[in-house]
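The structure under discussion appears below in the form of structure tokens.
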Amino acid sequence: MNEVVQISSPHIHLTASVSKVMRQVVYALIPGILLSVWIFGWGTLIHCLLAVFFALTLEAIILHLRKRPLQMFLYDGSAVVTALLFALTISPFAPWWLNLIGICFAIVVAKHMYGGLGYNMFNPAMAGYIFVLICFPAELTVWPLAKSISDVHAGFADTFSIIFSGQSSITGIDGLSGATALDYMKSQLSGMAMVSEIRTSPLFGSLGGKGSEWIACAWIAGGVWLLLQRIIKWQMPVIFIATLFIISLLFYWSDANIYLSPVFNLFAGGTMLAAFFIVTDPVTASTTPKGRLIYASGIGVITYVIRTWGGYPDGIAFAVLIMNASVPLIDNCTRPKAFGEK
Amino acid sequence: MNRELHSFPGGLRITTHKELSNDKISIITPLPDRIILPLQQHIGTPAEPLVKIGDKVLKGQIIARATGYVSVPVHATTSGRIIDIGDYSVPDSLGLKAPCIVIEPDGDDIWFDIKSTENFESVDPKALQNVIREAGIVGLGGAGFPAHVKLKEGTESAVDTLIINGVECEPHISCDDRLIREKPAYIVAGTRMIRHAVQAKHCVIALEEDMPEAFEALERLIDDDIELIKLPVKYPQGGERQLIKALTGKEVPSGGLPIHIGIVMHNVGTAAAAYRAVTRGEPLISRYVTVTGELPDPRNLQVLIGTPVRHCADLCGYQEKEGEVIILGGPMMGMHVQNMHIPIIKTTNCVLVSSTFNRNPEMPCIRCGECVDVCPAELLPQQLYWHARSRNYERLREYHLFDCIECGCCAYVCPSNIRLVQYYRKAKKEIAQEERARRGADHALQRFIARNERLEREMQEQHDKKDGMSDNIEQETDKRAYIQSAVERTKAKREQLKKTDSGTDE
Amino acid sequence: MSGVLIILLLAAGIGIFIVNNKHPDTRDQERLVDMIDSLLPQTQCEKCGYSGCRPYAEAIVRNQADINQCPPGGQHTIRQLAYLLGRDIKPLNPAYGKSGPKTIAWIDEDICIGCIKCIHACPVDAIAGALQQMHTVIAELCTGCELCIAPCPVDCISMVLTNRAGHRIKLKPETRSAQVSS
Amino acid sequence: MSDFILIIFSAALVNNIVVEQIIGADPALAFMRKMDVATGMSCTMIILLPLVTVCAYAIDTFLLIPLGLQYLNLLVFVSVILLLAWSLKLWAHRINQKLAGRIIIFLPLAGINTTVLGTLLLNQQLAHGMFTSLAFGLGAALGFSLILLMLTAINERLEVADVPAPFRGMSITLITLALISMAFLGFTGLINVK
């Protein structure tokens, strides 16, 4: 990178570039974002825009401090993808400073301390999310209720004031928000309730959490488009989903009263977002064919373990970070045999 | 014709652009003003000149003889006068100069006294190899490995299959295609000849699907003894290991040679050259070269070896333009050359004029793994890149850097535009250098130990001969006096030298 | 009472431990010296301050010398030593010299007086010649240690660059005299 | 049996000795320079730790407590570790030549690091039984090895990364360790074994 560009073979090049890849990922996220806005109100959009703004500003400042070409790296779009993924994982009612802190951690610590694009060990969005989750758990557990559950809705102005001042003109913010489906399920299960009883709560839809199940479908649609565009490889999402499905199916069969159904596992929480947009992040995933398999299934297993027995409602972010940390080791151990070595 | 086909791992499907040049009949290039013949046009030791400046030579005369086993002679490619023997620019990725013999053609093109070998089937295979060696034939596919070495390996161990490689997988290049279409008889006869030389059980000529005319031309001439195979288009199918995998399903062991699994492979051009060398006695003095790219008239030429690149390009209407580069070889593996006065050599298959070379800046690697999927050698290009950058040679060896064939597939697909192959080349060079340094160091250590032992021995001897002490002292004073006087003399001499030096400067 | 007994027992155990551990340790050290020695460039140039590569390796093992004292090996050797010993990579200590491309000694045969002083100085016997006869450096054997330069009474030895094959790159007379004077 | 496995998991992941209990961090950072050193160290720990834990537990319960000598435990534990490491070094080659070649160099090093002593003390605090001590030792060793190998591989990758100058070397490794321990926080509340 630091050497003089020399003309060397091959002299032709496929017209792919990092910025094109990132742009397409952003396009694939758009339907899901729009659907979230429709179901959960303006909060998602506000947070997305805020996060993108923070991320680009921070990225520019740090590039300037590190004396790197600003234009080349700012337009590569990786910061935007990180920002969107982060904004989609936090609650739409989360205060603005939470967003700033998370993005700060994601861009500064998880990305640029490791050398910026391509060098980061951990998925920046997930690292930022875990950081705020550990520091401010209360702010993240409050989610707006989906449109079909409650009659009261926060308009644009209300959401805006909730995010920026923490107050709302609507009396009783409690009427607007509640726990997420996974969270509710967890707390009820530890209270010795049966799964079938809990599922009767209005929070749940036919597949996963009410409302969020449709967003999951939008992620699938975006992911499939990316697959068709050959931006991501099919192996990782498929293996991740399959692992999660099979494990939850086994436990579901053993006792349907305390273990969640596989379908619920797939459509609740951020499973689909993770499957198509986070697990497939090439920078932090394994690069060997066998390594990808281990990586994706590892995330599936750890996610299920944390969801079912752990202290946190959703384990995907932790699972991703743990597997990120193991990637170099996996890569080391799964070097494929070279041609003629068999 | 019922051979089961396989596929090699990785690889690419690239637009071939062969239609630019493969429809036009090749023309014989007129004699240039001068012919530059490098002494090393092959892998191995360079040849040694046999002529002096001012000598008259005839076409096909040996002007430099082979030194060592892995070496071939160089022949004059036309009749004329030797005007210089010295360093000239040659096709080299670093733009280095190398010793060459320069001939000024006299225009008569008179053949040297050459003799043909009639009825090759009755000749001993070993004698045939010698004929091929004397004709200066090297692998015409690109690497330039002396052909007789491969043939000799063939007679030393049993050869199951002889493969004649007509797979021109690189985009733009069509010289083999054209050669087959125009001279199919040469190739078929040459194939039979090589088969006789290596005593192969089976014999295959492999082509790609995008050269149907060449296929038909060959099909008309072959009998049951030779299989003619059409392979789907895929880069880099023309690579030795890849083609063997595609045809036989066998993998050449890492660090091994095709002969270890009973296979010998030669290029179609080599087969044609072998035919000419044996039945006509003509050494390798010309070859087909594709001149293509952004030219008014891209086509194939039959070029005398040693003709400057510029001469060939002019024939196709080349006009110098800003922002264009000249590439010798194809767009995937060819080398960029600085000037056009360098000669066409035995291994030059293509002259490509291009302005669409990769100019974009390198971005950091995003570990997308595209390179892993396309690598035909099943390596991890990305890991190699990291280790090449951190100069971790141990790891590079572990990751089989030396199995990389530098096909360029990884760099072609890289979304970050990283010149991967360039890093590998550099690392390979550095590792070779380090190994040499290590060998030197080991040698130095041995000599150091030997010297210390000797000194100890001498000390011991001196200790034993204490009686001759007084003699020694005398000698010592003698020596000192001599050194003193010598030092004086040199000082005077150096003064004088300095004066004359400054005198000439003025 | 029992406390004292236990402490005595432990002391005895540890005593045996220490006594027994001595032998394997010296063997381990010997092996480490070999490993370090095999990484050094074997120029025997004494620039590190020790009388050869092996003494330097021994000094490293004894923790008397740092790993950045070998100018002929340069950064590459430092890196390899750091990997081997698990230490940090650091730049070459300039007090011991600068690292550069490999040079070999070259004797200006017009000036040489045949005093054999350099022949005695050469650690690898790379200089051929006899008393009162012209000396010459055998290029393939020269390690570029520069030990022959100081003893020469007429300063006829200079260090010259080598090409890829290890042969001297011919310099023009001007540069040559400049090199001699420097 | 399920207790045994649960304790191994708990010691290896939930209460990982390096990232959650810090005591293993120092040795892990010391041995992460080279892959073969790290694997050698891991092998040694996996063999040594369960052994030491069980021995220390036995000495503690059957010797020190009945004699009322708990105040000597630190001294005794250190000696036990040293003696075990030493005897293992002498006897290893009789058990398995190949394994001995790998671990012999590391035994003295393993004998004198905080992970081993820390594990013994933790084990004492948790007041495990004989069988569970074995599990705890094994789990701690596995957890240590996992993190050590992870760190070694990460370190190799960080070496080529374009890390800003102030963070190069140990600082970025520590940040990485912090992020790993953050990730391991996800396991909290997973297993509540007392």
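Letters A, B, C and D mark the chains as written, and numbering starts fresh at 1 in each.
One rule holds for everything that comes next: a residue touches a chain if its C-beta (ideal position, glycine included) is under 8 Å from a C-beta of that chain, and two chains touch if they have at least 3 such contacts.
Since the model is a prediction, treat every value here as computed from it, not as a measurement.
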item: Chain located farthest away, centre of chain C as origin (C-alpha); value: A
item: Computed distance of Cα centres, chain B from chain A, in Å; value: 52
item: Approximate Å spacing (C-alpha centroids) for the pair chain A, chain D; value: 34
item: Averaged-CA centre spacing for the pair chain D and chain C, given as whole angstrom; value: 40
item: Per-residue overlap in chain A, given as positions that touch at least 2 other chains; value: 1, 115-116, 119, 331
item: Chain D, residues touching no fewer than two other chains; value: 157, 162
item: Residues of chain B whose C-beta touches two or more other chains; value: 364
item: All touching chain pairs, where touch follows the definition stated at the start; value: A-B, A-D, B-C, B-D, C-D
item: Chain D to chain B touching residues, read off their complex; value: 157, 159-160, 162
item: Parts of chain A lying in touch with chain B, wherever the complex brings them together; value: 1, 5-14, 16-18, 20-21, 72, 76, 78, 115-119, 233, 282-285, 287-289, 292, 331, 335-342
item: Residue ranges of chain A touching chain D (in the complex, touch as defined); value: 1, 66, 109-110, 112-116, 119, 121-122, 127, 130-131, 134, 302, 305-306, 309-312, 315, 317-319, 321-322, 324-326, 328-329, 331-332
item: Residue ranges of chain B in contact with chain D within the complex; value: 364, 386-387, 389-390
item: Residues of chain D that touch chain A when the two form their complex; value: 35, 149-150, 152-154, 156-158, 161-164, 167, 172, 175-176, 179-180, 182-191
